[in-house]
């Protein structure tokens, strides 16, 4: 009797809901809707709009804005200028962060204070950093005064309004960011792995290069990408501490000028799209390299 | 352990690097602070004399009161909305695997991976087109673009580390979905939400590009005002610009000190378990 | 909460992406029973429990409480209590708040909540700890809070998923007794998941042995212990010696490499000439003259006994347990008593 | 709000006091905010409240255009230099206030000659509110440069002898920078000082040569002033305002001196008030009232400021004695008597019109500032 | 790697922020011994092991290998092998690379590395898995990689920190035998940390029982099992009945609430009249007429035996284990044999 009942009930309950649930689809997914709408409306749509605008220049064919960008050396060279600033700055930030984070990965007194102080530059913002660099590294700033008064140089070193000013500003804001990221990746690596290597006869260099570094590599790639993004979009500091008509005429300046000085929105959008594309190419290369490394759990076993 | 750190020659190099970095940092910040109190500082180590007048001047010249008010309002709105919108999405991403979940995750990652200026220019154009840009609403909307994903990305691991069986336990005790959220999840998420909001505030205060591209007469935040004070036309005393920079810096530091009560410094950029011993 | 007379699982099935985590579980639970789901890791025990609790939707089958269908109800409306493997206490609530949570969700009057919460806390001897947060309690205390929280609402069924697996050996032993005591005193009906056979044997009225999502055997502890339904159950239940061989005529068996023929007790359908597996527990292998000559290879002290591994001349490994003091290298004779030697189809 | 009436006749007075949003892209409020505040204080029935915003000139057009496209203009009055004004004219952003409402602005009849020339440049859209002859001047510390150059060739020779010692800021960002740029064709005798593309052969050549011994083109004038003060630059480009005001502020030592180059012409500069299309007639009415007020001699005297735009007033007959006492004191302490002669004895030219100026900037950016960029 | 005759720990002490994690450990390890460090969680076992390995600097004391002082050397120069509790396999290296790591660090010729690695992998039966990454192995397989990696360099001493603690019961049992076998076959000297008394008893030649950083007892498994040095060791080693009482004259003792006087075997210095704790294992309590009357409260099936909890008329709880079929409510008489009843100072 009850067998009959169960038969009819289970037959009459189409298990669609169950089958969807087995695959992970249920009403809870509606919680994703607001955020998705936001990102689509405020990021994807404008982005596509930008692409559309870039394809509708005042004159010339659909690709005229891109052609104009790539045929004018003054515009085209902003790509290399930007890369020449962003790549070394990001690389420096990541690779300087590694030995320091490696030193600081354990617990020690004052670690929290030190990391806290390191966070300060992240909050300074590019404008204040630029102002500070101009004051500090300027021809008669403290830095040059020290060099001059200790007779290390007899002419002030020029570190502002050029390539170096922008790089330094990217290091000041980007290094702490890279450092904290690397530190957190490092502390995610099971410390017993290095101890295990030590008991197997590995000295510190072997422990670092054979155990820690390979396990850290994927994290470094991610760190590089995030730092590179920050550096690649350098804008205020390229104007304020850089040489915005020459050595530090980065691509964001070109985009800005197209939009707000020449009022050529197609050119501006095209420049912005080129900028995004170049950035994605770099990131894809790095992430492609990253996939060559072991990327699983960095725990030493069990679980 | 400590003994070995001191002994190692590599350590000297590392601590040397750190010291250089800190010295540079101190120089950068210090020179701004000193200048903001200085009277006539030409070719000397320190200004001829000191005054606080630049602060008063910056306050009136740059109409800092409305600027600070706008900054505060923008930050609170951005933080509030991104938490409201981002946390539910983070919850789903943390708890559920469904077809396309990686795609959705990528969708949320993109705005953080893109330089703000890349999407800022078309975004500003769109926002102007719909009449948002030039107003507070436009600034808030523009700042939400990286903030919502940021909240999602910081909250996802935070939610992941809350044992899902706690929610199941609540259900087994008879709690409906609403109660699971209000009585169990919400209190547990409070520290994470606080941390994420503070970080959003910090980022929004410092977000130059997007605000710059969308701000109007009544919606400039402090960084944008600061940028204008440095680059807009006219003659102004460098010291009062520096005074404004110091005000900005102090504001950020206060935020930072508050933030660090809730989050570990390394978590400001990524959330990873500390010291798994 | 209303009780029930029987709770019936009817072909309960759950798939994850095509693979059956649980396949066609039929089971009738009677009021007041203590049922243990036993099986190796990954066999579907937790899946079964979660299906019962309503935390996982079924892919097939149904669950009935007396006459009413249950599997379509959400967990909060089934009225079951659950104790989780890792306790799953609410970390932000005091012991008292944790225990009273279910009562508050049911919107009972405050006085009643208070009374019943106090009772439950007293029951698990946590009166002094009622104000503490879970993080301030030891593992065993947390375990007891989890139990109090589950039973305070007087659930018609209590589900426990390996509740003792995170405790240390000594505490585990104590908590076993305590859970069994609560089950008896409160007149609960309990379904208890474990992979520890000793735990299952010592606590349950009936065992359900699972393997790879399928029921292998349902029976009383004694039935399962002495007559495992197949070689897998035997393996899981401590028959460490699983010896391949063949059934000869007249109920005699030939165990490969043992050297001599012997007899055993057949379980399941086997015909003469079939390949078989003969199973015997180490403690049932008797060290006695007149048997098979073996050489002790490893001997481990176990308090009153020695656990040893020995080898026949032909190379067959045998685990045995004896109170004789054996040492590696010793040669002894062992006997496999036919009534303890179960014979399964290979 | 979009529903307002933005066309049709402008009443003499608004029906109800209005709020005005003023956008300053030229640093003009330094001179005129006092006038405006004073007007609001005395005419609360016309203007209830004023909000002030500052921005950079390049953004002006984008902002206004976007607002007009969205039919939601909330910038009511723009104070701008020649660049913003002209860019807006090219994009047809501004309301033509003239000659329709010329009668309501009696002060315009009373412009100084130079200011009148600047007004001509503005066409019908802008109203000149402040004016100064500007430069080009050179500025130096006498202690460091005992024998300042007296001619363009001297300057070049000095620069060659002292690499890095001469500085001017990027012209598109700097008043003194662009004044020098526009003044050079007169100094060098170029064929057409108004045609930077075809008529400035000597100027471009001169700038290139000068550039060889210039190590830095700062992006702001302030930067050059700071460098002058701290000694890392010895001679910088300057204007009357940039000479006096920074010394008042103490960013440049008081003892700094200015010099002129033989045969120089002033290239004057002015600030304009413009009204974006889409501003309601009510507000336009209030703005006209306000502008009339600003062009009275009493108000114009405030433009003396602390030498920021020296002299500053656009209308005739405004003497320093009419200025506020702080202003008088500052000019007394830091002003230079020689300016009166220099203004009286040297020709005053209007600056390039906008498209020519943009072309000059672009060429300067590409060939002089960005000389490393291959064409 | 050179072997040694004895390894001597001389007052080895390690403090963490003022608290002694390990206080004055004296121990002499002889070549070929299997020593187990046994004790409850937090007693300092891992600390001792890490001090020995060189992973933690000592706060006091010294370690000597034959005549040479060892505690000043870094871990990589001590030539010990270590098996970590969580295995600590290098997740980015294949099994083969993991195992050969130590050999590569020693810069041996490639042919030799290959040969010895293959041998070690064969030893732990992982030939088919040699190319896999640790993440692709089961817990037991990972465990074996960890062991192979530690022993491949033929260390003079192998240290193991609770290597079996995360494995399931069946696997744990198998791995015990395997580790013990490797120890014997390779002629290793092993120091093995565990909190599982059964593991320690069954594997070690000598036990070191620690409590709160201090050695409680050092002895053979049998010594420790039958004659725990004090009540803490007894408690930890399965004396579930710890009964407070007092020593009367003539070696008689009075156990509170037991109802009758009895005799026991004193351990340590006690004088007449002293408060004592009498300890007896559940399996040593005999159900036999002529003893104390108790009522069974809880009875749990344990295969051949029943584990029961019973109460005297005066309320004293007793744990017992018997092959008689007892049920709750049964009244039986129990005897506490004096030779099994150890008497410790309270």
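Going in written order, the chains are labelled A, B, C, D and E, and every chain counts its residues from 1.
Definition applied: a contact is a pair of C-beta atoms (placed from the backbone, for glycine too) under 8 Å apart; a residue touches a chain by one contact, two chains touch by 3 or more.
Keep in mind the model is a prediction, meaning the values are calculated, not measured.
The fewest steps needed to get from chain D to chain E, moving only between touching chains, is 2. Within the contact network of the assembly, the step distance from chain A to chain E comes to 1.
Pairwise, the chains sharing the most contacting C-beta pairs are A-B. Taking the mean of the C-alpha atoms as each chain's centre, chain B and chain E sit 53 Å apart.
Computed from the mean C-alpha positions, the centre of chain C lies at a distance of 89 Å from the centre of chain D. Remark: chain A and chain D have CA centroids separated by 41 Å (rounded to whole angstrom). Shown for chain B are the residues in touch with two or more other chains, namely 1, 42-43, 125, 230-231. Residue positions 219, 226, 230-231 of chain D are each in touch with at least two other chains. Contacts with at least two other chains are made by no residue of chain C. Within the complex, the chain C residues that touch chain E are 40-41, 168-170, 173, 176-177, 180-181, 184, 195-198, 201-203, 221-222, 225, 236, 238, 240, 283, 297-298, 300-304, 307, 309, 328.
Listing the residues of chain D that touch chain A in their complex gives 58-59, 61-62, 65, 87, 91, 170, 215-219, 223, 226-227, 230-232, 358, 364-366, 369-375.
Within the complex formed with chain D, the chain B residues making contact are 39-40, 42-43, 63, 66, 124-125, 128-131, 133-135, 216-218, 220, 228, 230-239.
If you check the complex, the residues on chain A that touch chain D are 73-74, 77, 134, 138-140, 156, 158, 161-162, 239-240, 243-247, 249, 257, 259-261, 263. The touching residues of chain D, when paired with chain B in their complex, are 21, 23, 25-28, 30, 51-57, 63, 66-67, 69-72, 74-75, 81, 173, 175, 219-222, 226, 229-231, 241-242, 245-246, 249-251, 253, 308.
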